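In what follows, a single structure is set out as structure tokens and then discussed.
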Amino acid sequence: MNQENYKLCEKLISSTYVQQGSQAKRMHENKVRQLLEQRKWPEQGWDDQTIEILLSDLAAMDSNNFIDNCGVGEREARLASQLVARRHYRLAHGIGRSGDIAAIQPKAAGSSLMMKLTNSMVLDVIRQSGKSEGGCRYLFAFSISVHSAQAAFVVPMATGMALTLTLLAFRQKRPQAKYVLWPRIDQKSCFKAMQTAGFISVVIENKLEGDELRTDLAATEQKIDELGADNIVCIYTTTSCFAPRVPDRLEEVAKICATHNIPHLVNNAYGVQSTKCMHLIEQAARVGRLDIFVQSTDKNFLVPIGGAVIAGFEGKLLEEISKSYPGRASAAPTMDMFITLLSLGSSGYLKLCRERKELYSYLKAEMVKCASHHGQRVLETPHNPISIAMTLDGLDRDEATQLGSMLFTRFVSGTRVIAKGVIQTVNNHEFTGFGSHCDHYPHTYLTAAAAVGLRKEEVDQFIQRLDKVLAKCLKRASSHSGAASNGKMD
Amino acid sequence: MNQENYKLCEKLISSTYVQQGSQAKRMHENKVRQLLEQRKWPEQGWDDQTIEILLSDLAAMDSNNFIDNCGVGEREARLASQLVARRHYRLAHGIGRSGDIAAIQPKAAGSSLMMKLTNSMVLDVIRQSGKSEGGCRYLFAFSISVHSAQAAFVVPMATGMALTLTLLAFRQKRPQAKYVLWPRIDQKSCFKAMQTAGFISVVIENKLEGDELRTDLAATEQKIDELGADNIVCIYTTTSCFAPRVPDRLEEVAKICATHNIPHLVNNAYGVQSTKCMHLIEQAARVGRLDIFVQSTDKNFLVPIGGAVIAGFEGKLLEEISKSYPGRASAAPTMDMFITLLSLGSSGYLKLCRERKELYSYLKAEMVKCASHHGQRVLETPHNPISIAMTLDGLDRDEATQLGSMLFTRFVSGTRVIAKGVIQTVNNHEFTGFGSHCDHYPHTYLTAAAAVGLRKEEVDQFIQRLDKVLAKCLKRASSHSGAASNGKMD
Amino acid sequence: MNQENYKLCEKLISSTYVQQGSQAKRMHENKVRQLLEQRKWPEQGWDDQTIEILLSDLAAMDSNNFIDNCGVGEREARLASQLVARRHYRLAHGIGRSGDIAAIQPKAAGSSLMMKLTNSMVLDVIRQSGKSEGGCRYLFAFSISVHSAQAAFVVPMATGMALTLTLLAFRQKRPQAKYVLWPRIDQKSCFKAMQTAGFISVVIENKLEGDELRTDLAATEQKIDELGADNIVCIYTTTSCFAPRVPDRLEEVAKICATHNIPHLVNNAYGVQSTKCMHLIEQAARVGRLDIFVQSTDKNFLVPIGGAVIAGFEGKLLEEISKSYPGRASAAPTMDMFITLLSLGSSGYLKLCRERKELYSYLKAEMVKCASHHGQRVLETPHNPISIAMTLDGLDRDEATQLGSMLFTRFVSGTRVIAKGVIQTVNNHEFTGFGSHCDHYPHTYLTAAAAVGLRKEEVDQFIQRLDKVLAKCLKRASSHSGAASNGKMD
Amino acid sequence: MNQENYKLCEKLISSTYVQQGSQAKRMHENKVRQLLEQRKWPEQGWDDQTIEILLSDLAAMDSNNFIDNCGVGEREARLASQLVARRHYRLAHGIGRSGDIAAIQPKAAGSSLMMKLTNSMVLDVIRQSGKSEGGCRYLFAFSISVHSAQAAFVVPMATGMALTLTLLAFRQKRPQAKYVLWPRIDQKSCFKAMQTAGFISVVIENKLEGDELRTDLAATEQKIDELGADNIVCIYTTTSCFAPRVPDRLEEVAKICATHNIPHLVNNAYGVQSTKCMHLIEQAARVGRLDIFVQSTDKNFLVPIGGAVIAGFEGKLLEEISKSYPGRASAAPTMDMFITLLSLGSSGYLKLCRERKELYSYLKAEMVKCASHHGQRVLETPHNPISIAMTLDGLDRDEATQLGSMLFTRFVSGTRVIAKGVIQTVNNHEFTGFGSHCDHYPHTYLTAAAAVGLRKEEVDQFIQRLDKVLAKCLKRASSHSGAASNGKMD
């Protein structure tokens, strides 16, 4: 209500009550004011009521909701179903303008504001610079910051597709380049991101150091020499990944990129939740070259699947990427981020990150116990801050697959069982040992992970179920192999 | 409730009432059964209650909603905000699997079913084959069918980006080809679709025939000869467009494509709502070559902006496109389509299309009256079934722009005013006469359109407001030009 | 957003767009302003968006939603479940203050405003005086007005309980009186209303005039003489009722009440939808005495069951009734009315009433046809504007009951089958011929009704199903009675 | 989905996934099964998803939602507004049948089930008998049980109106009785409950014992002798109340009632949250006579205002009360309880009660500190487990009122300031010292309370604000009184 209407209320009920009510409304508006003024991630999360007041106000600014709108010529943002209208808070205009996904849409002031504010907050999430009060202590310990980031925006695309979009934007700048250098990581979408962009993928095999699989820097340099720096679109590294692979040696790669003047693109899919991953990016950008890092919204911020944050250190490059999206895009992932960032507040999110870190240690400790109980061990991968792998020695490929299925039907989701020697062809490229990030990893193993949002009960249930399933599978395996040896004796 | 629970209810209330209630529930389930069995667009729209029952059942099948789920390793589909959970009906897993946007996701049976059913219905929308009862009469008159279409799927992308994705998939099949032949249409995203895909755009200027701008077939053939058919990625035509441009000569282009064995891609952005556009596609595919046609979900189906339907005549090609999306994608546009298609039913949608067609005639008649009243005329563009243009002769560029602004501030959205001689650079390409689809269109003009969802009141309001604004602008212009001529006399 | 916040938005997006957006918001606020200024039922219904904006603003004024509220001592209006909070739009304080259901609650300015505005609109519904523009024609033909009504308010109670509350308030004014004179109407809750209030019910049997059952005025006068006017709490009449009973002779009763100085209470349960019922009340109040008339919210306004409107011609009396409710009451029925009245607008409601009237004629005509087809007839009850009765001659009690059940299991709800000679005891009072409003009605019959909200398809389905069921039952009955007669011959 | 539909899903996606999904749905159904089987308050709270699945299933059983329903004659449960339909989960039929608020409604199997289940759970809440696992420890310490209660049901009425309804039911059994004996408690609705029922209130003044105001048993006995036991409707006592009044001596009153064969009605408004109050009731019923005890839903269960639970020790009496409600009633308070009880589970509620008890001690300790700092003291009222009073000696009536207002405008709601000597007339009865439960309480004071749902931050904020306001008011008061004394000196 505006002041005029509050005044009219005083004819119906006592002015004291009206004034108190209008003052209370003002408190909601003050939160909005702070957001508009500072365009930072609020430290304290907002209640749902304030969030919905703001969304309702934004919706009222979009032309599809104008009471007297006359959309002759309008081909979009009319909604047939009230269920659909409600679930989008009546914001139907998407984000961006035909030429630019980060541009303001004249017909949709509200949607445009939501997009701008979300992208501002997202940049703040990435940078998380100098909060003064209250949060200090946490920030020290669990800082998720890449302070020097210059711009960031949400795109309604999978991380892989956002990487493709970035690669396509690179092409405009290096039209002659054809090769992408890529330290191997065995996830299809990572590989497809290059293929879809139409580039030739140059796979750099990882080096086994102890149990860990790490970037082979020498091989990288050698490939540059071989192909010629100018023919290389970029080096495309990865932070967050399944153990026993660990985050790439970002600093060293960044130095190589600087030396050879090659762009450097980082797949930081679920790295925002980890200070280690963010620190790697910050450091790499400081000591060498790192152009763009891309992260998933769902894997880091507990929103539905389907969005990514493209971030970088140079505003102009980011602008070129945003301008390469042909058309207006779905606002759904942006709205999910908008609501969730406001709802959590930075303190809420840092709390989740802290809990994640603690659960990582807890999960590891429990897996160590469980493994030793079954004559297995947890692989030593200290550089991987999220994923943990445990050997399944003694299981053959079928038995390992079986173990995976048994976990799945027991409602354990998200673990992966990696058997030795799997060969898989992705877009005509044949990968040996697919899943293990290298041709011949010495163990069959399973991975689990402590991702943001994990709860302690889940860990406990997992260990229980794993323990049972392991016992069953290993027993069966040993009896088989016993039978097999017997057979061999003949 | 399952039968066991209904049985238990009989201990609380009379079994007669329970049985009637369970029978009533069955009616909802029967609708679901029909959908699952036939996987067609229901003729009669569903009520919101049935839609929400189905969405709730689907949500219960996704692992993020399993009561005892233990997602150790799960990095996605956990939701922090209840507002977000509710607005997505708790379906958080997106669509597709890392390697394929149309693949089933093991952790999300419900989301996968929603995706499969939506794509099935969308194909049915496109094909609209042989409804037996009731709808016959409408289908005859307002058939929106491309009977021979083989596959279709929703992607959570703008039409332009969906065109880019298709072009990228073409690259895999014709790796050496660099050129896209494109009969000019002045919308940025159409042009950017090629640029982002990394191809060289070969602009085919339109021919002026009467007031209409039509495909220059000779120029097209000439370009093919010049560049070599093998070097051409595809010919990329357009159906729905702003008058005085009209849909491209699809049949003739299709024949050329067949002759030269060149792929043919059609931008059918808002063409589903028009039998003419759909008929053009059907015919072109029959007489020549037409590979893929892409349409916007929001421009045709009254859903929020952000989705497109990629459709075609060869299942394998469609599969290749779906497999080129690297990652899992947002399910939001799919869900919006799912809800809206069920809610409207085919009869509801055909009713909307019929009303649109009638309003097109009405809008045209009213514009003819209004134009003649101000000494202007409606351009003769009989081949354009949606958009209408009216001359603004006598207004210079500033005056025309001014008129546009005046309409905008009077809550008229969606009209476009095209002044002569605008030069605009898009991705380094300079377009003369930008907005008018040719270098030198003989008139300044404005366009309006009768798109699906338009209401008669809007047309009436538009004509009223236009009439006033025109009077004001033309008066001012004539006094200016009078002043100007006076000046010239000196 | 307040002006300050809109101003801040201009730093994010163009001020033109912000201003247009803020102007658009103002249109919503203007509707609210008009409501607050005039406190009348808007002629044009509001869209859901405006309704929800207002509800959200009201919620923000209630202390349970104050951001910094410190409710030490507060024992109420805290909500444990977000589902519950949402469904009440966070308005949790109910209506009224401990001593008065229509009083303003200091802790709940928003709820209080909603209550005041609802009651204002409800009074306007009842009075519907002199709308100037647009609605005139309808109002002439379908006026639902009791122009001289002075006050009205919604109570969260069944009509029967609202009648009890009114009777209890009467007691305070006539402490010695014990008897309520009540022209018989066979609905339990009507009778219980008196019993629960602790009064002695004096049943006035109806007179059969043609097929109609009408008020026996002579018997009424005689009872007054017998018991003494001062010992009579009130005469308690009924308008809306099942045929063949018709509305009581309100004018004549009102004159009797005036002569003897006896209060007159009218049960107008579903009479608001009928101009006849409303006219009866208006006339009765003009020519005689009529104190209070009570109507159901659900039966007249298409809201969930559970509210009533108590209306009358003297503000002070209404105030006494509202002050007799001990405690604060549920706001749910008030909110349902608030939303529904705003959503329909008076023109929407009058349209529904007009349709109802037309469907009444249609239903009657169809029943006449169906009856004559089966050798039955529709009873002549021209004074009953809503309910219609049709004979079931030839069916015995069991057969009639069976017919009722058959309709019920065929999803026909709301019809009543009345067999002859049913005896029922309600609160120790034995009613002969219960259901038929008199001891010995000459026919077995069934009733149907054209209530507001009925749709033509329902009538058609009803006639179809009735036709089949009648055929079956009458055939069975005639074969039985044949068998019986045969038996008797022996 | 039923099994047939799950089977059909297997044609769309892998049967393994379908089976897992259907198994997951089964887990929700198992919760429902347990509820239907045991009809007890679940120990573990349900998630919102399961609650909404059940509500949706119930809605599908109500005739207003039957897909092919033909409600000819139906005058209710049609809904005009979708906002209203949604907020009631489409359950529109209210609860009860015309003659009985606890009866099953044939047209609304779903609503009837919800009502039955809610009342079952509510009885379980009251009784909370022998949970075996897990909850034991809590139950021991924080048992809220009245084990011997026989029946309970929710009515959509304020506590006061529920007391009136109960009194009206008593009248049917003791038609000659006129007097209600009532140990004074100064809340309007408590007094009005008797007045509205039409009885003569006999006020028993409280006895001051230390700081506490307690039941005067001798005066009670004397009144019985004076008026004659048969002329007394009931003795009407109170448990939860504002300090310095404490719960009535229920055991002793119950013995008196037993001796004289007088019904005993207890106003247990917000007593469910306190083991002391519940224990008093249990004991009173064991050693003497206690017929009915009434409690507020909102004050105990964190639901919106407007419902009460009527409970007692004799099923037949409860049935008579439920049968005295004339009409069908709003289901809103029942639904709020249904959702909230399921959402909290007994363990969630017991946790809230435990926290409340701890906060009571904390609040008291803080008030003691604050009081002593200002030369005041907390009154010694050990028998009151919820409310705490603190002296405001030295403030005159205006100053005390002023202090109350200052707290209110500082967003402190729920405290009450009681000045000496206030005279108030309620329904013609003049109360001296109104607010303090006796004619001349020796102190001016304020009360605060630790009600269920209170948070520690609120206590801290309260103490801060109180401290400031007290300082200001006492300073002003002392300067005034100084001025006054000075004045007197002259």
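In this document, chain identifiers A, B, C and D correspond to the written order of the chains, with residue numbering beginning at 1 in each.
Here is the rule we use: a contact is a pair of C-beta atoms (placed from the backbone, for glycine too) under 8 Å apart; a residue touches a chain by one contact, two chains touch by 3 or more.
For each chain, UniProt lists the protein as follows: A, B, C, D = O-phosphoseryl-tRNA(Sec) selenium transferase.
In this text the structure is predicted, and so the values were computed from the model without any measurement.
Looking at A-D and A-B side by side, the one with more C-beta contacts is A-B.
The most distant chain from chain D is B, comparing centres defined as mean Cα coordinates.
Each chain gets a centre from the mean of its Cα atoms; for chain A and chain C, those two points are 57 Å apart.
One finds 48 Å separating the Cα centroids of chain A and chain D. Separating the CA-averaged centres of chain A and chain B is a span of 30 Å.
Taken residue by residue, chain A touches two or more other chains at 20, 24, 48, 52, 63, 66, 68, 82, 106, 408, 411, whereas all remaining positions touch fewer. Considering their complex, residues 48, 51-52, 63, 66, 68-84, 86-89, 91-94, 98-99, 106-107, 156-161, 163-165, 168-169, 171-172, 187-193, 195-198, 270, 296, 298-299, 301-307, 324-333, 336, 339-340, 343-344, 348, 352, 363, 387, 408, 411-416, 426-427, 447-454, 458-459, 461-462, 465 of chain D touch chain C. The touching residues of chain C, counted against chain B in their complex, run 16, 20, 24, 82, 408-409, 411.
Taken together, the chain B residues at the contact with chain D in this complex read 1-2, 4-5, 8-9, 11-14, 16-18, 20-22, 24-29, 32-33, 36-37, 39, 47-50, 52-53, 56-57, 59-63, 65-68, 82, 90, 104, 106, 109-110, 112-113, 116-117.
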